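In order of appearance the chains are A, B and C, and numbering begins at 1 in each one.
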Amino acid sequence: MFVKNAWYNAGWDYMFTQSQKNGLSQEKGALVARKIAGERVVLYRKPTGQLVVLEDRCPHRQAALSLGQKEGDGIRCLYHGMRFGADGKCNEIPGQETIPERACVRVFPVVEKDNWVWVWMGDPAKADEKLIPHAVGPSDPDWNVKTSQMHVKANYRLEIANLADLTHLAWIHRDTLGAPDLTTRDRYTHIKPKFTMLSHAMRTEYYVRSVPINSFLSHLFPPGMLFDLEFDIMHTLPCTWVLHFRAFVADGKDEGAPTGQLVADTWTSQAVTPCDEDEVDYYYSWGASKVCEFAGLSQLLCDNLDDAFTEDRHVLEAQHVRMKEKPNFPMVDIIHDAGPGKMLWLLDKHLKGEAKEAATVTA
Amino acid sequence: MFVKNAWYNAGWDYMFTQSQKNGLSQEKGALVARKIAGERVVLYRKPTGQLVVLEDRCPHRQAALSLGQKEGDGIRCLYHGMRFGADGKCNEIPGQETIPERACVRVFPVVEKDNWVWVWMGDPAKADEKLIPHAVGPSDPDWNVKTSQMHVKANYRLEIANLADLTHLAWIHRDTLGAPDLTTRDRYTHIKPKFTMLSHAMRTEYYVRSVPINSFLSHLFPPGMLFDLEFDIMHTLPCTWVLHFRAFVADGKDEGAPTGQLVADTWTSQAVTPCDEDEVDYYYSWGASKVCEFAGLSQLLCDNLDDAFTEDRHVLEAQHVRMKEKPNFPMVDIIHDAGPGKMLWLLDKHLKGEAKEAATVTA
Amino acid sequence: MFVKNAWYNAGWDYMFTQSQKNGLSQEKGALVARKIAGERVVLYRKPTGQLVVLEDRCPHRQAALSLGQKEGDGIRCLYHGMRFGADGKCNEIPGQETIPERACVRVFPVVEKDNWVWVWMGDPAKADEKLIPHAVGPSDPDWNVKTSQMHVKANYRLEIANLADLTHLAWIHRDTLGAPDLTTRDRYTHIKPKFTMLSHAMRTEYYVRSVPINSFLSHLFPPGMLFDLEFDIMHTLPCTWVLHFRAFVADGKDEGAPTGQLVADTWTSQAVTPCDEDEVDYYYSWGASKVCEFAGLSQLLCDNLDDAFTEDRHVLEAQHVRMKEKPNFPMVDIIHDAGPGKMLWLLDKHLKGEAKEAATVTA
């Protein structure tokens, strides 16, 4: 089950190139096939650079357009040569005079923003760019953002739950994103975030005060040095997760905004795109402000996400297998389900809303 | 869905050897397992060389006879040693005096013709050798035929449609079997073949006049040289496709049989065998007449089929995946569906005929 | 379908180590995941060495406990840090004061005996150690036992049938466990064992008299030398198979206990554990008495099992595929089905007994 009227992430802008090579030659980036929310789509750039997203399925006999070739603003299926414009309409059937009106391919709205490519999988009339989450991309001049990606064989609801509660940093990620010592781990698990529910998103804010820096950064600072960590997360449907993370020299207080020196000012932007019910594509970045960055910090941040998300991948894939084996297993709720519960409630609300709307249209 | 009363191709005669090694030793060619139209069969040669085809399934507990060993005219299951004659009847159960009448294996009629091995998957009483398509095999003294094979993960109906219309040479195969220039490709897509429907086959005939030679042969002739190409295809159910292809020096005329010098006189014989609904074995050959061949032409022809059918394989496998995802996708017909439509109509006619017959027998 | 109230083998004791490394680090032996009779379990040792078996599924959201870490007598799930005692009860939820009563993991009775680890998959109240089959393990001071294992993609009923009738030694295993000559193979197939049915097991006893030694041992003895072979097998539900195999210099008699010199005195202990309906884990050992062993015999015995069970694996996996394709294929029974028939009858009796009991409890 996927929300249709939503922006789904298809990766970074640099993944889609101006190459004119055809799909059979498999040149990277010219025609990019993706599976998003159960639909196969093909993405390519017009000569102007503008992106086009079409269903990756020729209306003739379902050949893959991503095995075709770009021609001007359009695309040609290389099976029987049918050519389609960027509007999805067939404008040539080689050897045939007339073109049936039904010979068209579904077009999906697409927007580039903050170096990310966003595809709208529902009713184009409802595609509202304002719904695209804010992010900080690799070409932002103020931030030194590095990017990476991962494919995970798990349902995207497990990723939502994973991202909506960071207390698990204390456990899976204790050697990476988490804390090197038991006391700090205990602090992480006692976080009481401030949740703010929006129509399509949840904002989560909290501080962790007077703790050592995260494990993967601890070699950079003197032993015993303490920090105030600030987390400000916007988690948007279906599953985009953007965190403004800052570390300050601890000011010794327990409450209020940190007043110590700002040591690291970073943004991490993460998008989970469900391919289908069993797999996701995960695009993520992390980078530090150029104002207070020191050499190599941003690459260190992003490389660490590769390590941490590999830890998550093992856990989520095993969890996915088990959930498919026992879909009716009675589960026990704990305090850390607050965040995941809210985000999944929001997702289900939108899913139900769309189901109700579809039922009304049909009736 | 497969037509039962039909000859299916199991490969070339040289694939089935006289070796006496047993199946567990996996010696190539002694006992050959195939999956044809959903049935598992084992093929082997008697000491006389005569081929035998049995269901690859011991009547005791379904062990694979192809893991057994040849003994005289028969085969022994190596699980409990039950021995079967070439007539499928059990003639020894080691340690047991009497042999139950039911202890027999299904026998399939088999015929070797033109170096091809044909298995009849239906009622043996109806096996009519006259239904075997004509082909030109590697041991034909007049032709220099080379052979190859491919496994494709697609339903055989997609292969039928692919072979029943050659206008796609202009697109997928433009760098191999097709034409190097746009004008010629346009000519290919305007072909109006002469179709002749027979009870089990469709004959397709046409000329392409005053065009450059096919892309993969273009390095052999002077630039600008033009040819008249003659196609004469017999496409037989379930899916055998035999083409007599000739290239003449262009005589400048637009109609009638070409009168220029015969440059290449070739036969290609191709058989698509459905393993099940999702996979086919594809056996194909191509060769030139010894009269007008020049060194290496036949090997060039057959090697080029490997390239071209790899192009097809990518397209058909992606198409197969998409058709399984959306079996009810509304498809748009185009002019080039004429040939595929006729062949699939013929296939469906035979399928319905057999279904009706089966219903009558049951009632 | 699996008998629940039964001991299933989880491997040898040495597979489960005292390591304290956590599951994410994948250290061999600290936390061992197994799939037994359709259930996922995790096995580990307490500091005392005592084994614990829990369902490999956190009650919170089904994360794999085998990716967690050992802590004292218990285990901690590394997703959100929930800690469980060896009794399966949650004793810590980091960040949460109260612990719901339902927050517990299923515990399975486990027993080590003869170096084997046995897990009871049913009602713990019914776990009776007396039901554990006798075996001779690698640490038995009187026997020089070597161990090995194999994973087979076949239903465990096929393994039961395979082990319950050894006449197949004459065929699949003629170059390994079987006989090098036709006469002896014929003798093997005429064996009339003495079967004794017990409540949970079948004992099978027989002699093969005045025959050459098994193929894989024939290089050790003078050509023409004859032996009396004694087989005494205890085959226990679900599928443990222990054979006391002895070879004597042939005494020339046809009946009664052999009176010739004891040449080889050996025990082989074999356990087939169904993972699910399609796969089994197979743990086996073979070893000779230290009294009459010569150098290398025990390793030769066990290595030969690897060879012989690879022969079986090919046959059973092909059989499994065929049985799934044609579940209603009418099968023919033969004389050698006596042993398999009795063991499968015993299995089905227990399966029906448990089904009846479950129905009574429900009603």
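In this text, a residue touches a chain if its C-beta (ideal position, glycine included) is under 8 Å from a C-beta of that chain, and two chains touch if they have at least 3 such contacts.
No experiment lies behind these values; they were computed from the predicted model shown.
Chain A maps onto chain B through a rotation of 120°, based on Cα atoms and reported in steps of 5. For the touching copies chain B and chain C, the fraction of interface residue numbers used by both falls below half; the interface is of the different-residue type.
Chain B and chain C have Cα centroids lying 47 Å from one another. Shared contact sites, meaning residues of chain A that touch two or more other chains, are absent.
Remark: chain A residues 24, 40, 56-57, 59-64, 66-67, 76-82, 93-96, 100, 102-103 touch chain B in the complex. Against chain C, the residues of chain A that register as touching in their complex are 161, 165, 167-168, 170-172, 185-186, 189-191, 311, 314-315, 318-319, 322-323, 325-326, 329-336.
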